[in-house]
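Alright, structures below, take your time with them.
Look at the two complexes coming up: chain A is in both, with chain B in one and chain C in the other.
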Partner chain A sequence: MYGFEALTFNIHGGYLEAIVRGHRAGLLTAADYNNLCQCETLDDIKMHLSATEYGPYLQNEPSPLHTTTVVEKCTLKLVDEYKSMLCQATEPLSTFLEYITYGHMIDNVVLIVTGTLHERDVQELLEKCHPLGMFDSIATLAVAQNMRELYRLVLVDTPLAPYFSECITSEDLDDMNIEIMRNTLYKAYLEDFYRFCQKLGGATAEIMSDLLAFEADRRAVNITINSIGTELTRDDRRKLYSNFGLLYPYGHEELAVSEDIDQVRAVMEKYPPYQSIFSKLSYGESQMLDKAFYEEEVKRLCLAFEQQFHYAVFFAYMRLREQEIRNLMWISECVAQNQKSRVHDSVVFIF
Partner chain B sequence: MGDGGCCQTMDLLRSEPMQLAQLIIPIESAHCAVSYLGDLGLFQFKDLNADKSPFQRTYAAQMKRCGEMARKLRFFREQMKMEGLLPSTKSYRSNDLDMDMLEAKLGELETELIEINANSEKLQSTYAELLEYKIVLQKAGEFFPLAQRSATAQQREFEAQHMGDGSIDSPLLLEQEMITDPSKQVKLGSFTGLVPREKSIAFERILFRATRGNVFLKQAVIEDPVIDPISGEKVDKNVFVIFYSGERTKNKILKICEAFRANRYPVADDMARQYQMIREVSEKLSELKTTIDVGLLHRANMLQTIGSQFELWNIMVKKEKYIYHVLNMLSFDVTKKCLVAEGWCPVFATSQIQKVLQRATLDCNSQVGAIFHVLHTEEFPPTYFRTNKFTNAFQEIVDAYGVAKYQEANPGVYTIITFPFLFAVMFGDWGHGICLLLATLYFVMQEKKFSGQKLGDITEMIFGGRYIIMMMAVFSIYTGFIYNEFFSVGPTYPFGVDPKWHGTRTELPFLNSLKMKMSILLGVAQMNLGIVLSYYNAKFFKNDLNIWYQFVPQMIFLNSLFGYLSLLIIIKWCTGSQADLYHVMIYMFLSPTDDLRENQLFVGQKFLQIILLLLAIAAVPWMLFPKPFLLKKQHEERHQSRSYALLHNIDDPLETDLHEDSHDHKEFEFGEVIVHQLIHTIEFVLASYLRLWALSLAHSELSSVFYDKVLLLAWGFNSIIVLIVGIIIFVCATVGVLLVMETLSAFLHALRLHWVEFQNKFYEGDGYKFFPFSFTSIQDDEE
Partner chain C sequence: MKISMAEEEAAAVHGNGDSDEKVLEFLDSLEGYLTLMESLASTLRQGWFELASARHSMGVSRVSSASLDLKDHLASTYLEMTQHEFDESIMRQPQFSLRKWASFENGICSSGEEKPDSPQLRQRCPSQISENQEDLSKSDGSHTTVDDLVKKERSKSLSVFGTLVSPKLRAAQASFETALDILVEVANLRSSMLSARNQVQRGIEETRK
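Showing the complex of A and B:
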């Protein structure tokens, strides 16, 4: 019932919306980032973070700190918040919240499979997995030799199972088809999430379709750029694009045949929202593209908080926190490696 | 602070005169001086480095060190908690341990403790592993014979069947078996181990899928939870045995076991070996046990010694951290040899502070003494009342509404009496009052015992307000006597409301009229008090505007309407007149010129009424309009004169800075002032003291319902059981509804009458509290 969410939304969603907005108020501000960027050691960072919501998570860490510890603890905070929200949530919000983690699940699956392919230790790989994308039998992934086994053994029990229908083959796993699997899964995931949000209707559908379309388009661009110069055929490339978003369908046709970054740029500049992103980059450059996309994404995510009575705030909050953790990781890494001049290269201010 | 009791001269009406002081302390004695000031607890430091982030400040390194020490202490506390030890609170023997030594000691202890923990963890893990092994051996030992038995049974059955009928298909199969069996001679491998019970089903499923069903898995439940060697936690587990064939399957199973954290243990096939293994493992276990026990004892001893010193260290570290926190707020002077502090202190504390600074200089052998001098400022000083344990709770009630502006009249003084009194007007019953008094006296008597310990949420609240409740109880006993209420029984004594009224048809109309009129009188009295206080405030702050355009019209308005009503009530009570006061008041507005006829109470009443009405009508615009306009004019004048004034002051940089600061905040917004004034005027008219009557009525009615309908009804049955049930219900209702709920509601309404009806007449409440740097608050804040 679009326009009438205000009547009924608060019955089930009101409490959690308040909670998530409270969490959002705890995001680091530009002033915090400025202070963090001036830090000399990781201890300084810890000291500064002790005044923020991360304080309780870092205060018991002994002093020679590592970047991984900082990131791990900050992620732990996000996971704790997520879990408590999920506990409180009722349908359909709980399903919505679960959808948010599927992306991490896909990444974890790919991480483990690639890792075992290169004969890395499973426990070590498990520690690298994002805690939000964990599922019970994730470690068993190491047993699988090909896609079919992967599906039959493990993934059939997970929410990812339906996304797998496209990529069940008996070929042995290698780097190339793992990457294709990742993108196929992601495509199916985004489309499913998109459909789910449309079904929810109202402001959730409106805002989420915008955010997911952006995500889909960004992936399309990244797939195109990464597949330039590989043996991936145009048709195969075309198949990896999600079937929605601003670029669908005509932009996809053009992206599929693009052979270098400048052609991609020419395609994208036809779309006004992306024009501004590409206009920041000089020709032939793709290094800063990620940051430009992140900045645009953060802007859109922040806008999600301007409306009330919808679920997109949860998605936006999770994404913003993840961006914040990425920022913290970059800053800590720069500080730890004495590369302070590069601090600003990859930090995306949230406010 | 000032726990000196009532003999100390307390100036509760106006907050303590404060001064902004500057301390110039040589660096070498700064730590000492700040520490002594913390003991004194009468100086509020201002943050002079507000623009610097925490790690850019002077003493950031020391703060970090303190943070490290605090972390170590937290680690010890956690370890002690795990061990079930409590840090002993009685260990305040002060030793002369200085900070560096403490830091070294804490570091030593931490590394030692961590080492001990790591060792014992390793041992524990080995122990747990062996224990698991033992369990596996025992359980698996049951499997094998069982399997053997069923195998032989099957064999026998099969043979019997084979002998019985030679059907068409069986020979073929049999032949095949015969052929395949000896050649391949299925080399069945087996794994035994433990898998967490919650994962066991998934484990089985995955095994089945991965090997396409070509395994034999048997599980057995272990009744008691087992300690997991890796995580060290207690987990419910199952013992499993897997039989498989083939190398590939073996690898797969190994990987799956690893993924499920299923610990595998080798089990020998034949029974004799198994028994031997069990024996060996048991021996090893008992050996390990003694080693572990020794380690644990050592650890417990160590924690015991830590525990005996823990509180002392904790407070030392907290103090140190607090001191550096304060030192970080100070700025350097030009020579970089002294630290400059600014802050507020009460005027009476000047000599104490100077003495403390001198002591610091002496104790640190500093060449130069610290300097204390008073700064002049236009900033508003913080508000500081010296309260004691009795007045504190009442002051809290006022502070909850808003902290008094510096030196403005403090309603807390009057609240001490008026609050319990208004409460008692609503809660008048001396029976209930005595119950309340007894309950609160218990808290007052046990004060010493309770004040040291942590109480629950509600108990804490009651304990904090014990003196308020005591006063409320005393006053309700008094009003109860006046109302002649004792659990609604209506005893007879020679004053107060005549008990003859009790139970008559006219009881309610009589009491209503009495209580309503009484409420009006009390309300008018309290509001007048409030307005008079606003006069004293205006006079104190030399604000003529408030006297002429707020105090005077308010006084006129209130007294020409409600004051007049009070007058009529008193005259009516004194003369016993039959006049209808509603009628008088209503027609005073509707048709003031009409003849009063039988409602006339005194001569010249009509004339007086017309004059009062005119005055009241005139007072409303008088209250509403002139003040904002005059304020605006004043502001504009000040604005003009300011540009000239600046030039004169320019030689004193500090002074002008402060001037500018304070002026910046005073942007004048006319609309806001008008709205504010309007709200003030409306609030003024909407006083609602009739709640006094309503709640008092509700209380007495409720108590009479419980008395008549429960106790008397039960009495009437002439049966002991019914009577006992009746008494139980009566007691529960009295305690639950009348003593708890009614107390809360009367408290709430008294609170409203004070905050809204009384305080808004004069109280600005936009000050901020004096928050001195003091060590006394350290002890009770636990993270």
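Showing the complex of A and C:
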């Protein structure tokens, strides 16, 4: 019953909630970002990060540093924290934590399949995979020729198996099919995660519904914008939208027929939570849309920590760390390319 | 190319009208060359920045070197070089031109042709290409235009990163395409600049004789 989590939550989840709140306190602040934005070289960035929780992960990296190295090492820290929480979690928290990684698993599957289609070396592809999305038989993906084989040989024993029912065909894998597969899998994953959170009930269901609905709506907008001018038909585009969220179903109908960014804007401005996002952009412009969405997401994720005794804090922490890593990647790229004047184009402050 | 050498040469032939004209032509080419180089640096910088924006937007795993296609495929763009006889002497000024998004032309005409020696690049005569473009625009009452096919080729080349890519990646592609055009202009301008410089030097030598 909602409101009575305080009586029983701490028995199994209290310790890990305290741990994750402690981790949250280690997120970089605006002062840290200001220091980082003033760095002249990637070695300066490394020096500033040595005073943060990323220090032990970067201290042994030789110069010259590369932006991919910064991202890789910072991601390792997130993976270590996640694994430490997962191994101490009991049901249903352990399942909840696993759900958080399925998105990365989908990205890794698509990376391996696409790379194999392009005749890349499997070992090279495995090194590029996100560590949170790894599973035992991932290397075997390289032998599949179509989705049916992909499912039968490898994915049937993974958590992604239930998501394949909507996209199993015997068609050979090509770039368009793989893209549709990626988005169909992600749609099925989001809907499944949403149903799982609803089953958990209480504050977890309430807060996660809001966060996942925002994610679904953002994906719908990105799919629409990215498919403008491509061969993806309106029907195929409509099928990639999730069946929940603020935009479902009427917003999706209008997005499916949008042919330019201004039409997308006209659809989104009918929904008050998204009006504020699009009011920051000028007409015809989509460059700053990503940053506007990230800012809104960070605001909602930070609000998740205002309430106790629910699992959404774990999801919020993982997403905030991923945003932090994106920020570090962006700052590193701007410093490496000597474009420091553009560094604030995409950095999203968390605190 | 040293500016001091140009100034010395300019001083040596001062007073000779034709030579002055050649010197001015050389200096104009040099100015155009430097302006183009600056424009090229700026366009490339913009392209790399947009590529970084696309990586930030789409994710590091989607935009990386691991996405590039290692299969044999036709070149989408190739460079044509022609040598023009400038005058009766053995001075030749090479001219460069870019045939962009030519792979659709090769695809259309490949069915009846012999297999070329190189599987990766096909060399085509410009007259054959223009015939093919006419055939293409007249074919079967279809509404497909050359522009639509070029747009399709652009999307195809980006498809290694997925078919639903961010507009930032398309912007990066446009910037690098512009940079390629500028590079060819730079090559042509350099060619004419070297030719003008050679004429000025010949003028100096003749004056000294």
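Methods note: the second predicted complex is superposed on the first by the 351 of 351 C-alpha atoms of A that agree within 3 Å, B and C clash if a C-alpha of one lies under 4 Å from a C-alpha of the other, contacts with A are read in each partner's own complex, and residues count from 1 in each chain.
Note that in this section a contact is a pair of C-beta atoms (placed from the backbone, for glycine too) under 8 Å apart; a residue touches a chain by one contact, two chains touch by 3 or more.
Since the model is a prediction, treat every value here as computed from it, not as a measurement.
S.K.: Is the arrangement of chain B and chain C around the shared chain A a clash or a fit after superposition?
M.R.: Verdict on chain A: chain B and chain C fit.
S.K.: For A:Val143, is the partner it touches chain B (first), chain C (second), both, or none of the two (neither)?
M.R.: A:Val143 contacts chain B only, not chain C.
S.K.: Between chain B (first) and chain C (second), which does A:Glu179 come into contact with in this model arrangement: first, second, both, or neither?
M.R.: second
S.K.: When the two structures are overlaid on chain A, which partner does A:Glu124 contact: first (chain B), second (chain C), both, or neither?
M.R.: second
S.K.: With the two complexes overlaid on chain A, check the angle at chain A between chain B and chain C, Cα centres, nearest 10°.
M.R.: About 120 degrees, rounded to the nearest 10.
S.K.: Give one of first, second, both or neither to describe whether A:Gly115 is in contact with chain B, with chain C, with both, or with none.
M.R.: second
S.K.: I want to verify the contact counts: of chain B and chain C, which reaches more residues of chain A?
M.R.: On the superposition, C touches more of the residues of chain A.
S.K.: Taking the superposition on A as described, I'd like to know which of chain B and chain C A:Asp107 touches: first, second, both or neither.
M.R.: second
S.K.: Is A:Ala51 contacted by the first partner chain B, the second partner chain C, both or neither?
M.R.: first
S.K.: With the two complexes superposed on chain A, say which partner A:Arg152 touches: chain B (first), chain C (second), both, or neither.
M.R.: A:Arg152 sits against chain B, while chain C stays out of touch.
S.K.: In the superposed model, how near does chain B get to chain C, counting Cα atoms only, in Å?
M.R.: 16
S.K.: Which residues, counting only chain B, touch chain A once they are in their complex?
M.R.: On the chain B side, the touching residues are 53-56, 60, 63-64, 67-68, 71, 74-75, 199, 202, 206, 209-210, 252, 255-256, 258-261.
S.K.: For a test of understanding, state which residues of chain C touch chain A in their complex under the given definition.
M.R.: 45, 48-49, 52-53, 55-57, 59-62, 64, 66-71, 151, 155, 159-160, 162-168
S.K.: In the complex of these two chains, what residues of chain A are touching chain C?
M.R.: 68, 71, 107-108, 111, 114-115, 118-120, 124-125, 128-130, 175-176, 178-179, 182-183, 222-223, 225-227, 229-232, 286-287, 290, 326, 329-330, 333-334, 337, 339, 342, 345-346
S.K.: Could you please specify the touching residues of chain A with respect to chain B in the complex?
M.R.: Going by the criterion above, the answer is residues 35, 38-40, 43-44, 47-48, 50-51, 59-63, 122, 136-137, 139-143, 149, 152-154, 157.
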